[in-house]
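I've put the structures underneath this note.
Presented sequentially are two complexes of subunit A, the first with subunit B as partner and the second with subunit C.
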Partner chain A sequence: MKALFQKHRNETILASIFLVLFVFFSFASRNFFTLSNVMNLFSQMVTLAFLTLGMAASMFSGGMDLSIGAVCSMCTVLCATFVGTMGMHTLPALLITLAIAIACGLFNGFLIGYCKINSMLVTLGTQSLYTGIGLVISKGVTVSIPLDRFALFGRTRLFGFLPVEILILALGILLAVLMFSYLIPGRRIFLIGANPQVARFAGINIASNILVTYAFCSAYAFFGAIVLASRVASGRADVAAALVLKSVSAAVFGGVSTLGGIGSMAGAILGVAVIQIVTNGMDMMNFSTYLQQISIGAMLLIVLAFRHRKRH
Partner chain B sequence: MRKILREKARELILIGVIIVIGIIVTFIMPAFFSQLNIINVLYSNAVFGIMAMGMMLIITTGNIDVSVGAQYAVSGMVVALVARATGGEQPLLAILAGMGTGMALGLMNGLIVAKLSIPAIVVTLGTLNIMRGTLNLITSGNWIDGLTGPFAKFANLRLLKPINGLGVIHAITGGKGLMVFALPLAVYIWILVMVVTYIFLYRTGVGRDILAVGGNKEAARRVGLSQTKAYLLAFGYMGMLAGLASAIAASKIKIAQPSNGTGYEMKLIAACVIGGTEFSGGVASILGTLLGVLLLGVIDNGLVLTKVPAYWQELATGVIIILAVGSSAFRTMKPGGRRAIKSGGDRK
Partner chain C sequence: MKKLVAIVLTLILALSLICVANAEGEKKGTIAVVCYVTSAPYFSFGESAAKATGEALGYDVIWTGTTEVDTPGLISIIENLIEQKVDAICLASGDTTSVVPVCQKAMEAGIKVVTFDLDIEPEGRDAYAGLMDLSELGIPQVESIVASIGEEGDVAIVTGVLTNELLQKRIEYCEQYAAEKYPGLNFVTVESMDEDAEKCYEVAMNILTAYPDVKAIMSNVSTGVGPISSAIEDAGKIGEVYACGQSTPNLAKPGMASGACVNAVLWDTAKWQSWAVTIAANLIEGVDMPVGKLSIEGFDEGERLEDNIFYYYETFTFTPDNINDFDF
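Take a look at the complex of A and B:
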């Protein structure tokens, strides 16, 4: 038990912070600890959570995928265009969108892995490119989806209380944790991030693993996108742009190192959860959104300074 | 001559691309190649051009600053406050107030990055939220407008008169005069900033130190160069320039709002990257950064003039960035690439 505690020290601390905040807000605000708000709390974080999982994957490999926000936005536009404007059935629309998202990820991975260009440079460029494609498809306006369609992923509650998107996220988390903590492909990506030289000597094909990593990032951006598009019943080419830096903050907050090879998917998701509970709880207590912004920034710096002191 | 060609290959290619785009746009819309429009491109990109010099310096030290937009917004509000309080009579005071504010914010970033040795992108993410949040909290998101007097005029001030009188010039310019020297003051400030950056980076000891720290942290530490000093200088300089740029912007549009500068960081990083600044640090090109800013500016302007819908702009920017980073990777990868260029230069 104690060994387990030591090994997952960072996750335990984050989970305790989450619980403490949860109890605190439950006492501080009358509306916080209600079934509908707790469900809200989780369903609000779904898109950011998916993007953070993708961002964490790219950070494990020693890079950073700045284009996930653009891929996510582009996917909302594609879904909205296919389902809303063209009237396609949901399933083919989703499959085509997923294929395009993965193609975007493979393009990133190709430039980073095979052409050996710095990941931030590549994704800075493809971020503009994918946003541009989204803008051109949507002609720069919001594409709406008829309200009676595409409601499954963001506007449906099972048994009257459980939002479907929470189940999708749970599945996504499970898959990510499994891949990056227990399966060989994920562990390879960690090794590449920790020490590419050693990884190469161990006979790992770096380029093809990088390709997989960035395809994973874009696929997760796609899952974030379908929930987002369904929730707001529309698609817009810059709808997730602001989430990129937020997902970096959340991943770093959750213990993922920007230098690669350190962190865990469980930590990343706990990072999102803590940030989300602060946002939601302060909303419930009627604090201004600006104060939330300040507290999140301050929390990030304090936690980092604290961790840094530990390491030395 | 061949050595210059090799060393400045990227800059030459960029000039070529800008000229080609210029020719194409001029064919479709002759108004592009008019004095008025060229000055307009320079005038509207002065704010970015000035800030790009600071961003270049930070990337040169191997760091990155994503809080520039917030620094720009905070110092812009301070500038507007001072300008309004003095009725716009003291433009210099307002500019200095903005530069001071920006520099303080930049130094704060630099200090945290150097002392805690946390990656700069994470530190500036945190300070970005704190700066913007605090600014919004204090202003409740309200604008400051009604900027008047000399302050509202300084950015577009034409100190010199267009050259006219000679028959030839009169004929070419249709009586308007050659406006090469009659540029808006903002453009002169931009040029001045570039010259100062050049002197600072290549002709002073501390500038050399910044390049050295960026190029090889460990080696720089062993020869006794202070990393803290280099970081403080780079981040402080960035903040100061963000303040200066925000003053110019406030004078141009006569308004300052807390949401100013959102998304500037990516555009600035893009300009530096197109210009050949390397993320690994130690490599800077002032001419390249200038051309990066101009290329993005010319694309914007050209698309507007040729009446291409604005949403194509983003796509074009993306393609340009990918081509720019791809081409430099291609040159290092292929045999006879960058390494061969260096030895070739030695052989002469």
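Take a look at the complex of A and C:
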């Protein structure tokens, strides 16, 4: 048990913070501990969680995918255009959008892995490119989806209480944890992030693995996008722009190092969960959004300082 | 000892938070005012007015929203307000469609939804508390151009976020109105400042370089005239080019003092939120508001149109002579 705790110390601490906050808000606000609010809490974190998982993957490899929000926004525009404007069936619309999202990721990966350009520079550029494509497709306006279509991914509750997007996220987490904690391709990405020279000596093809990493980021941006497009019944070229920095904060809060090679998908998701419970709980207590930002910022700094002290 | 102090302090803080959260007021109910960019003065000026109006009508007012354009965040806030069982939500959204599903959810929960600033699709709200028709909102901005440079000349438009539908519609109506009434006005470009004053200054500088014949730069958002005036001043073009269009009076004052701006327009953004709160309170209480002129205290021109649209018609024109009479 002790060995397990030591191995997953970061995740255990984050899970404990989440539980303490859960109990605290349950007592502090009579509206917090209700079935519908708890379901809300989890469904509200889904898009950010997908982007954070993608962001964490890029950070494991020693980079950072700043275009993840633009890809997500562009995917909402594509879904809305295919389903809403063109009246296409949902499945082909999703497959085409996924293919385009992965192509965006591969393009990022190609420039970073094969052309060896800094990931932040590449994704800053492609962020603008993908936002521009979204703006051109949408003509700068919000593209709506009829309310009776595309409801499955963000507005449907199984058995009357369980949001489908929570199940989608659970699958996404499972896949990400499996890949980055137990499968060789994921472990290779960690090694590339921790020490690219050692990875090269170990015979790992760095460029092709970077390609896979950024394709993974964009695929997860796509999953975030379908949930978001369903929740808002529309697509807009900048709808997820505000989530990019939040995803970096959540990943760092969850223990993912910006220097690469350190962290876990479980930690990243717990980072999202803690930030989301603070937001939801403080909303329930009618605290202003300014105070929420101060609280989240302070919490982030305290955890980072604590972690820094432990590592040195 | 230190640990003990820390624990005690934490407990005190927790208990005080609990007390604050559970404090019950003797009010008729709660109205939430939700804005999509709470950090913009355009909206934040209205916080105290909305709260004071709610207080006067016997309601608690929760004034909240996202600090930047963040649609998923805005939707989460509305969902959390539904969980809090507020009685009404007054909402300023950045677009007309994305909040419709969550607003319908609120209406299903028995919450009155009143939109202001930009209206949303009618199926997502009970009422729209507006200032006047969107087409008419473009008129004072065009009149501001004419008051600055006359009926002829090249004009550039600086707008906020490109995807904001209210801003897009307002530009469309400005161009339509000008084409009909002042065909000598020639709109040469529309540039975006992304609600960023520094970017607005740079955009204005670029316009002054790229369009040397431009005579006016019209701001389509309330935060543009200040930086545009600074750019005109720094480019040494005072008297040749004028900043005009929409502005809060405080942001227009430096330009009015330097001569870079001689006319700007706006409505009282705070009063608009009071209007939304008033309509929300009336809907909660089931006050009869028939189509036609309304008798609502503080809103002499108030009127109800078809489709649950309420207007109160009130705009201000700022000039160097009256600018110091305003402070918001």
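One rule holds for everything that comes next: the second predicted complex is superposed on the first by the 312 of 312 C-alpha atoms of A that agree within 3 Å, B and C clash if a C-alpha of one lies under 4 Å from a C-alpha of the other, contacts with A are read in each partner's own complex, and residues count from 1 in each chain.
In this text, contacts are C-beta pairs under 8 Å (C-beta built on N, C-alpha and C of every residue); 3 or more make two chains touch, one makes a residue touch a chain.
As the structure is a computational prediction, the values presented were derived from the model and not from experiment.
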Overlay on subunit A: subunit C relative to subunit B, clash or fit: clash
For A:Asn31, is the partner it touches subunit B (first), subunit C (second), both, or none of the two (neither)? second
Touch test for A:Leu111: subunit B only (first), subunit C only (second), both, or neither? first
Please work out whether A:Leu121 is in contact with subunit B alone, subunit C alone, both, or neither, and reply first, second, both or neither. first
Touching A:Ala199 in the superposition: subunit B (first), subunit C (second), both, neither? neither
On the A-aligned overlay, A:Ala56 touches which partner chain: subunit B = first, subunit C = second, or both, or neither? neither
Contact-wise, after the overlay, does A:Gly140 reach subunit B, subunit C, both or neither (first, second, both, neither)? both
Touch test for A:Val83: subunit B only (first), subunit C only (second), both, or neither? neither
Regarding the shared-chain residue A:Gln293, is it in contact with subunit B (first), subunit C (second), both, or neither? both
Check the residue A:Leu228 against both partner chains and state whether it touches subunit B (first), subunit C (second), both, or neither. second
Pick out the stretch of subunit B that clashes with subunit C after the overlay, from 99-107, 135-143, 171-179 or 333-341. 135-143
Which positions of subunit A sit in both the subunit B and the subunit C interface? 135, 138, 140, 237, 241, 288, 290, 293
Show me the residue ranges of subunit A that touch subunit B in the complex, using the header's touch definition. 64, 66, 111, 115-118, 120-122, 124-133, 135-136, 138-140, 237, 241, 245, 248-249, 252, 258-259, 288, 290-298, 300-301, 304-305, 308
Quick one: which bits of subunit B touch subunit A in the complex? Just the residue numbers, please. 64, 66, 112, 116-119, 121-123, 125-134, 136-137, 141, 263, 266, 269-270, 273, 279-280, 309-322, 324-326, 329-330, 333
Subunit C - residues contacting subunit A, complex: 14, 17-18, 20-22, 38, 62-73, 75-77, 79-81, 83-85, 95-102, 104, 121, 123, 161-163, 165, 168
Touch list for subunit A against partner subunit C, complex: 24, 27-31, 34, 36-37, 40, 44, 47-48, 135, 138, 140-142, 144, 147, 155, 228, 231-234, 236-243, 279-280, 283-286, 288-290, 293
